[in-house]
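First up is the structure itself, then whatever we jot down about it.
Chain nomenclature is as follows: A, B, C, D, E and F, assigned in order of appearance, with residue numbering initiated at 1 for each chain independently.
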């Protein structure tokens, strides 16, 4: 009838979610899987572990496997660091869908959408640094901006939450600024869901709203036949009104911040989007150079990363600037 | 207790639903199924793939099968491009129900309903072009306007959404203009459901309402024993009131646009409906010609497409102008 | 996450429910079942098919079976058209319960209740014509007015909906006019449910309320363990208030119309109810004649249709005017 | 998507629930069961059938069985009409619990409670006549007033509903008048539930409220794992407020009526309650005589019906005026 | 569709819950179980039956069993009346937990809590008399006041309900008066639940609120997979507001009454609590004597009832005044 | 239909939850498990039992097992008191995660979070004394303050509840004071949930709100397929509004108290956090000394408790001040 835990000896702590391996754990997991693969001398498990924060054990197994497949397709006897780098992108961002024939309009809109995310991210100090931005379709996405923290990250602070809300809004805002109100697309629905969920957690679980205070207003239940369910535990209609208003205010503050950044830096937005249209994929480093120097220097190869297309052979000629080479082109990515 | 995804490395993207094959995928799928069928020299898998955006793998398998059945019924040894064209209509729009004996009144009302959809579509620049309009019953429909994009389509923009809302309302509006308030039928319930669902997604998932902002207000759950469920995740009564009002405003804006178009162009509505009553099925091209020249030129055959009636033999004499020929009549459809 | 159907090529149509066979289908189904039965020369499947719109395949199988049983009980070697006619009533209206001993008061109230339905129906041009009216208890009903369209019917127009609302209210209104406020019975609960459901569909699914517009406000779910469920998809309390008010207004408009008709034509109400008390069952034709000439001419037999009582033999003597003959009395019904 | 029944040929009727056998049915069912039992010449199945309206098939089987057991316990070779009469009470009202030792206070309160029901019933012309009133505990009841219609009853009119509401309130009101506000007991909970359910049906299913009109506001569902469920189908809060108020008004009108009757006729209430305390069980006939003559004439036996106690032998001596005889005492009950 | 019970012959009654055996039943049940046990001559089943109102069949079986175990532990060949008396306490109040080491503060608070219940009970004429009060932990309780009616009780009157509400509040009120606002404990949660449930039943099922009248506002459902559920059947928000207010008023009236009694008789509260601290368990008789004479006379033994500790042997020395003797100490309890 | 418990003989008591063994129980359970282990002479089951209030039987079995494992890893033949002490921490606080590489910033924030909890606890007289404070990650926690009552505790008083609310808020408040509004983290979500649950119980189950009185407003259900559910049993919206407000007021009073303490004693907060950064784990005794003397005297070993790292061998060198020794270092902890 009454919660025994409330009578037990008290324990107060600072809790985080640590369900994924830390750097030591990743190194050990990589070591296990690498035993089955012939490695080139340049491969260092610790270096790879450092560059893969947030990877689960299954992600790491997958990474080693993909690296081996890439080496085979490239006719190499040993799996080198380059293969691990390329495999990391595939695991993190999904398989490329090079065969998708997008119109120029769609490509242009995607480029500005991703450039919007990226430019807001560059202007938010608390945001994780950009790993890559791309307009090559991958999985269910037409384009993507991937950010990666520099090391294992156990804390999630208010300034980073606000930054993430602004970055999430960057894609939609860029669409609106460049193509106008009428051409805004449904492609931001994932961003919208992310931002709403984050703002809801801030208000109802993490005590980040001054008006609602440090109380829990929503409880998740493991649910019923595996179906997660979230219920408001405070049921008064005034409370619900206030929660809705606070969530909305948080998301719209992100929208406002994104709008300010992208309106003021519309020239940089064009620069970044054009670079994406030209090179299709940009590394975080290249984006930084572009912002600083106004240009990117790539040796001899105008566009396209070294990642190979899916292994199933295809006799259909590819369109335009894209290609699916099979060599071991040395790239800066 | 707290969503791990919110702590993981960030990924922002422009998402679309790509669960159906793109043009390359369709070409490959067609190639597989065509191997089992004797093809005429004029058949080109790429051409068929280009004309079937939105078809799933099962649809394409069905298409090849239906084309083969048609050729057999037409006593042809090889399956030609004509059979693939006719089979495409059957797969897209359902089996014709030629035996349904409709009254002249019902036929007339259907003709104006479909003409309404078609005429609004012609006046909405963002609408996909019309593939066919018909008043031959198919599946659960008494008539139909089928639109088909010119190529694979990955983006869904606000102007197209508004266009679709107006086109959806065109049928009901035409009924009201021509037959009056008392004769409006329940036949628009599918259109009403489509428009309400679209407007709801615009407001609650795609951030298309300025008043509600870029937030997610409704979440779909895969549900329980396979029963999909949609729940409002914002629970305040003020929020619900605003959502209802915004959805209503969007649908009624479509209704207003459809009413404007059809009131101004009532002569064209008559023209189109009369042509449907005369020819029963019109291609998009014929509709365009009709709108431009005021008439349609068909060689010698007044009405009825080349699609054969269902294969089960029937000894019951067919009524009126319809027929279920088995020849290879050369048609413009 | 986002409904794929909204991205697929668009299709707008005029939908109806056609889950039951049309006239051709019925003819074929009858043909199959009639093969097992020795038919009299006067039997024509097409004629029976024309007279049974709305019958499902199972209804038709049942019809042939009942006709055969009737012929057997009448000691006939061949099943004639008369048997099919009588079997049709049994299938449509349920088994008669001749053994039910109703008081004169109950019979009188039933007669006025059915006369109320019938008289309103005669005054509503959009109503389907009356097939039969009866005060012989059948199934769960003490009496019944059965209407039958003249042919297959695929459209359901607003004027017919309003007519049906008025006809549904006719029974209750007649009870109140004749027997007074205190004697109104619970026997109208089926009519009340029918009218409420119809009005609800008009408002929430068919867009027939100007105040609520062409939106879907209620969705049916196939549900859970076979239990259908209907949920309001618009959740605002203002919306719910408006929906309730519109449904009430529609039903009460039917009530008002029924009250006007029956108050003005109270003499005809008496005439019709008295005829029902005298003859127990009246055909639509007889009712028309009664309304026109003020009387019905039946050759020599005062009351009771030719349909036989249930087959299980009963040794208990039947009361009053009823009888359960076994002859082949030639009737006008 | 849309209810097919609404498109089918229309049928309007006056429906009742007839799930229980009518008089002919009861006679036949009795005949079947009586074959297994040696009957005295005075037994007439038709007479018993006439006296058991509302009995189900199982009730009738039980009735014959109990009559046989009674005869055996009374050492009779043949089952006579008297046994059927006594068995009828047991089936209708439950097994007597003679061993229950109630205090004089409890007996007195029960007597006034039942007298209250009975006296209100006598004053309501639309009420069914009283069959018996008793203060011998049966089943879960400390006392009981059993009413029985004079014949099969298919109609349920507004005046009878109002009468039943008043009769239901009679027990509670009598407690309050005689023993005062403080001594009112929880024993009226069954009456309260009955009255609330009846009033709810009047308002939400039978259209008996002028303010809410002839609409259905509540639907019952066969439910889920056999659990019946009733849902309000009109969801607006104004509607719910009105429904609650109308139900309350109906029940409280019954309360007012009962209060008027019992206050005006307090002398008769005492008379009736005293008779119940003296005789424990009174037949309807005796009650009528008591009301008319102010007394009851019973030959020689002051109290206690002829019904025997439960068959399991008991060696415990019984208290007070009660006895469990085994003879065939000739009674007026 | 419509509740058949509403059409059946009417039955109005005064219902109670009699799921437990009455005195005769208890005597018979005891007789069955006593056959297996060697009884001392002083044992009388009727006497025990009289002293165990409210015991179920399982309770009685348990009682005989515990008495036999006690006799064995006391090295007696026959089970005497004393053993039955002691076993009765164990069955009614749960096993003692003598090993629980409570602080003096906890013991004191418990003593005043129980004294509060007891003193209010003594001041409420409609309350059942106290059987025992104890501060020896039993089951989940740190202390207990057990009341026992003098005989089988079938009626539950309003004055007794009000008394029970006050008695329930007595424990919490005593804590507050003696130890102050800050030291009030969660130990009253069971009393709070009891009082709330009782008040809810009074308002929503037993018609004890004048504002809400004799209506049923809440229905219990046997529920779903064994999970009982209670739903408000009146859904208007005004109704819910009124119900909440009435329940609160009833409970707070009990609180007010308890506060008045305990404030006025604080000296008696101290007297009773001190006696509990000294003797740990007091019989109702002793409490009455204490209230009258200001002291209790116990022959030679200062504290502790004759009930033995749980049978599992324990070598741990017991603390303080408690002991677990095994003799047949002659006690007044 | 009506709760039988309400009619049964009444029982009022002071209930607590005693599902865990008391000191005697713990001693016996320990004795059973210790039989399987070679014990050093200094081991005393009673002493361990006294130091483990709140431990379940499974916790105690685990404790003995962990102590044995520690002795084995330390190459000791007998399990001594030291091993039991170290094992107790592991069982109470979870396994250490020494391999987690936290940044200095994260460590610093954790140190202030835990120092906040600890300092508020020291200032709340009703709080249980601190057992240990640590910033070594354990289980899902980055740091922890563990409190342990001095003996078995059966009462939960209002002053302790208020103290616990303040202590729970101490972590979040310290973050805000030291690192500012922007750096507040999601790490307090567990504290927020604890405080909200406690405040809810105070208001809805324990009658601790004067505005809501001693009523039960929320009932827990064992639920459905093991899914606990809590429902508000009072449904009026005014009631819900009041409950929400009272819960919020209680939690915010704790927040205010924590803010006062930590603002006034910011110097002590720095002192405590710095000590945690230096020594990583502090015993309650050390914290008391630090608060009194401004310093901690540890013999020769600067930091790190004697608890060994997880048993799986790891060849990765550990970072910084931590170490995982295997000796029997004599510690003050």
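Heads up, the rule we're going with is that a contact is a pair of C-beta atoms (placed from the backbone, for glycine too) under 8 Å apart; a residue touches a chain by one contact, two chains touch by 3 or more.
Worth saying up front: this structure is predicted, and the values here are computed from it rather than measured.
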**Asked** If you list every residue number at the subunit B and subunit C contact, are more than half found on both copies (same) or fewer than half (different)?
**Response** different
**Request:** Would you identify the chain whose Cα-based centre sits farthest away from the centre of subunit C?
**Result:** F
**Asked** How many angstrom between the C-alpha centroids of subunit F and subunit E?
**Response** 36
**Request:** Indicate the whole-number Å distance between the mean C-alpha point of subunit C and the mean C-alpha point of subunit F.
**Result:** 72
**subunit A-subunit E separation of Cα centroids, rounded to whole Å** = 63
**Request:** Mark out which residues of subunit F touch at least two other chains, giving numbers and ranges.
**Result:** 1-2, 15-17, 156, 186, 189-190, 193, 201, 205-206, 224-225, 237
**Prompt:** Along subunit D, where are the residues that touch subunit C in the complex?
**Reply:** 1-4, 6-18, 22-25, 27-28, 151-152, 154-159, 161, 201, 205-208, 212-217, 219, 221-225, 233-239
**Message:** Per the contact definition, I'd like the list of subunit F residues that touch subunit A in the complex.
**Reply:** 15-17, 19-20, 53-54, 92-93, 97, 99-103, 105-106, 109-110, 113-114, 117, 127-128, 131, 137, 140-149, 153, 156, 164, 167-172, 181-201, 205-206, 220, 224-225, 227, 230, 232, 237, 240-245, 247-248, 251-252, 255, 314, 316
